[in-house]
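Before anything else, here's the structure in question.
For clarity, chains are labelled A, B and C in written order, and residue numbers in each chain start from 1.
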Amino acid sequence: MAVTVTTPVYEGPFDLLLDLILREEVELYEVSLLTIVDAYLEELENMKEYDLELATEFLLIAAILVELKARRLLPSGNKIDPDDEFGIWEERDLLLAKLVECKTFKEAASQLRELSQQASLSWPRRAGLEEAFLSLTPDLLEGVTKEDLREACLRAIAPRPSISVNTEHIAPIKATVVEAVRELIEEMPRTGSVSFKELTKGLTDRIEIVVRFLAILELYKQGVLEIDQIDSFGEINVSWCSDTEIADMDLLDIYEG
Amino acid sequence: MSEEKAKLKMISDIDAEAHIRRAIEAILMVAIDPVPPSIFAQLFEVQVDEIERICNSMVDHYTEAELGFSLIRIAGGYRFQSNPEQAQWVERFILEGQSRRLTAAAMETLAIVAYKQPISRAQVSAIRGVDVEGVMRNLQQRGLIDEVSRDTGPGNAVLYGTTQEFLERMGIDSVAGLPPLGEFVPGPEVVEALERSLRVVADEVTIPATEEG
Amino acid sequence: MSEEKAKLKMISDIDAEAHIRRAIEAILMVAIDPVPPSIFAQLFEVQVDEIERICNSMVDHYTEAELGFSLIRIAGGYRFQSNPEQAQWVERFILEGQSRRLTAAAMETLAIVAYKQPISRAQVSAIRGVDVEGVMRNLQQRGLIDEVSRDTGPGNAVLYGTTQEFLERMGIDSVAGLPPLGEFVPGPEVVEALERSLRVVADEVTIPATEEG
């Protein structure tokens, strides 16, 4: 991995950073993800050719860093509902099992690479039949139709999607702020006042909740919603300022472009 | 008298074996893929384990002869191949290189399929934590994995496994020849470190301000 | 003293010769066509007649060894081939032991040559994403494809096309008789994967929901 990052607490190859964090030699809190992303983007710009493998590896590690960091930033404390706490621990155990599994297969993969590298030093004999035997060869085209041939050609020339940088591990974003704003504008006049918990009920993906939250902030900024929160980490109450008339499109324009 | 007969029989056995050896050598010369012992057994009307015994002694023989090539057991069969020590010369002769390197992602996906086969794409995705569709398709196009069966459960998911080509590329006889997965499970200190990194901090609810907000 | 030196030199010569022999053995084992001595001469930076001397002594050596194969001089080069005495076994292997069906890889390769002819091996490799040398060789040996011309570009790559025999077997007059490929309509999974690959560069966050969640 050629990407080197320089942060106040760490300077060196990017992939090593994850190892160090896991070994607690670098405090994750103090690592700015922004710095890392910047360093990486700079590296990409300097690159003459786009290195797909590098990009993929980066995204994977970055995703793990984000996940770890998000987890540490999760509010916790004495007020946790026992059910929630259990859930958090359960989730943690699952994540731990997943990380161990990931590491195991990473190791296995490097072993496979070694095996294949060793094996690639030998070439098989593929000379095939000598002239004298050629007339004996069984009929390979038996049962093959023109259509089979066409299908085979289509299969072969089908675009290979694997040349994509896959970003699935960064939760797929199903919701957009625009949509969330639109939904709120529809829902809120009817509901009047509601807690954030209520508003996000039924949403399972963290990203969807975040998008909802951003939509609320936006509407708050526009002055059509009021937000209050009595305790820190307490319930957030959202209420509609009923006298405000807004035109949908005006608002939505903010997000386009 | 009977001793002489026994001697004669032995000679004819050795003779028969020598014949089989030569026939095997000739066939391996024209074969394009590794030839499984069962094919030789069928051809010579000899038990498979007898063929394996003969072939294994041939493998040893060619190894000891220190030639530029050797006879090996690979992907469930036998084949002649150039020796690794001659790789630099063969490489210069065969200008067209070996098939391209696999990316780290492809290699990890391949490892999961190899060790967990038969396995569905969804199961591989679950382990990798990322969608593996593109990578799996690539591996399939390279002939390293293939659909081997269907899940009997609901949905009848396609199950994947590794191919002959995979075994050849890895230089092994069967997937049983892969190093045991247990060897790669991280040690307790690594697991502990991972665990620590995930610890839910109970008391301090310190949320430091970060640049990213 | 000088005698000792001469002896040393001889030993190192023998050593060098043994090295060359092994490299030649390795190359001949994997070469598809007979290899002319001039190629070896160039590779090892040795005189052609020196190579011929070494190769001829190898020919003798393999003949004496009475194996199932031998090293012969043919078509201006050297190659390993099965021994004529083993012909009956090789024939039986071809008739009984080999698969009678085209493999998926061979089928795709044949289809590409049929539809895209004239085409070079490198171009077929590029389309299939894997090295096709062995497969093309097989198809050529089976009389289904053949060299038809040479590329006019640099390198003058050999271009391949299908044979008369192929047309007859397919029951068509000319390749124009193959069903048209039509406009390639990628399946939904391909579209989805391509779309995903574009997401990285997309600024907008309007992304359709995917099954994988």
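Basically, a contact is a pair of C-beta atoms (placed from the backbone, for glycine too) under 8 Å apart; a residue touches a chain by one contact, two chains touch by 3 or more.
Just so it is clear, the model here is predicted, and its values are computed rather than measured.
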Farthest-lying chain, centroid of Cα atoms versus that of subunit C: A
Chain nearest the overall Cα centroid: B
Separation of mean Cα positions, subunit C and subunit A [Å, integer]: 42
Whole-Å gap between the CA centroids of subunit B and subunit C: 22
Mean-CA-position distance for subunit B and subunit A (Å): 32
Junction residues of subunit C - those touching two or more other chains: 29-31, 80-82, 87, 90, 94, 128-129, 133-134, 138, 189, 193, 196-197, 210, 212
Residue numbers of subunit A (touch at least two other chains): 123-130, 133, 160-164, 166, 168
Subunit C-facing residues of subunit B, complex: 21-32, 35, 39, 42-43, 66-69, 80-83, 85-86, 89-90, 92-94, 96-99, 125, 131, 133-134, 137-138, 141-143
Subunit A partner contacts - residues on subunit B that touch it in the complex: 28-32, 34, 69, 72, 79-84, 87, 90, 94, 98, 102-108, 110-112, 114-115, 125, 127-131, 133-135, 137-138, 141, 168-172, 178-179, 181, 183-186, 190-191, 193-203, 205, 207-208, 210-212
Touching residues (chain side subunit A, partner subunit C) in the complex: 123-130, 132-134, 136-144, 146-168, 172-174, 176-178, 205
For the subunit A and subunit B complex, residues of the former touching the latter: 21-24, 28-29, 32-35, 52-53, 56-57, 60, 68, 71-78, 88-89, 92, 95-96, 98-113, 115-116, 118-130, 133, 160-164, 166, 168-169, 233
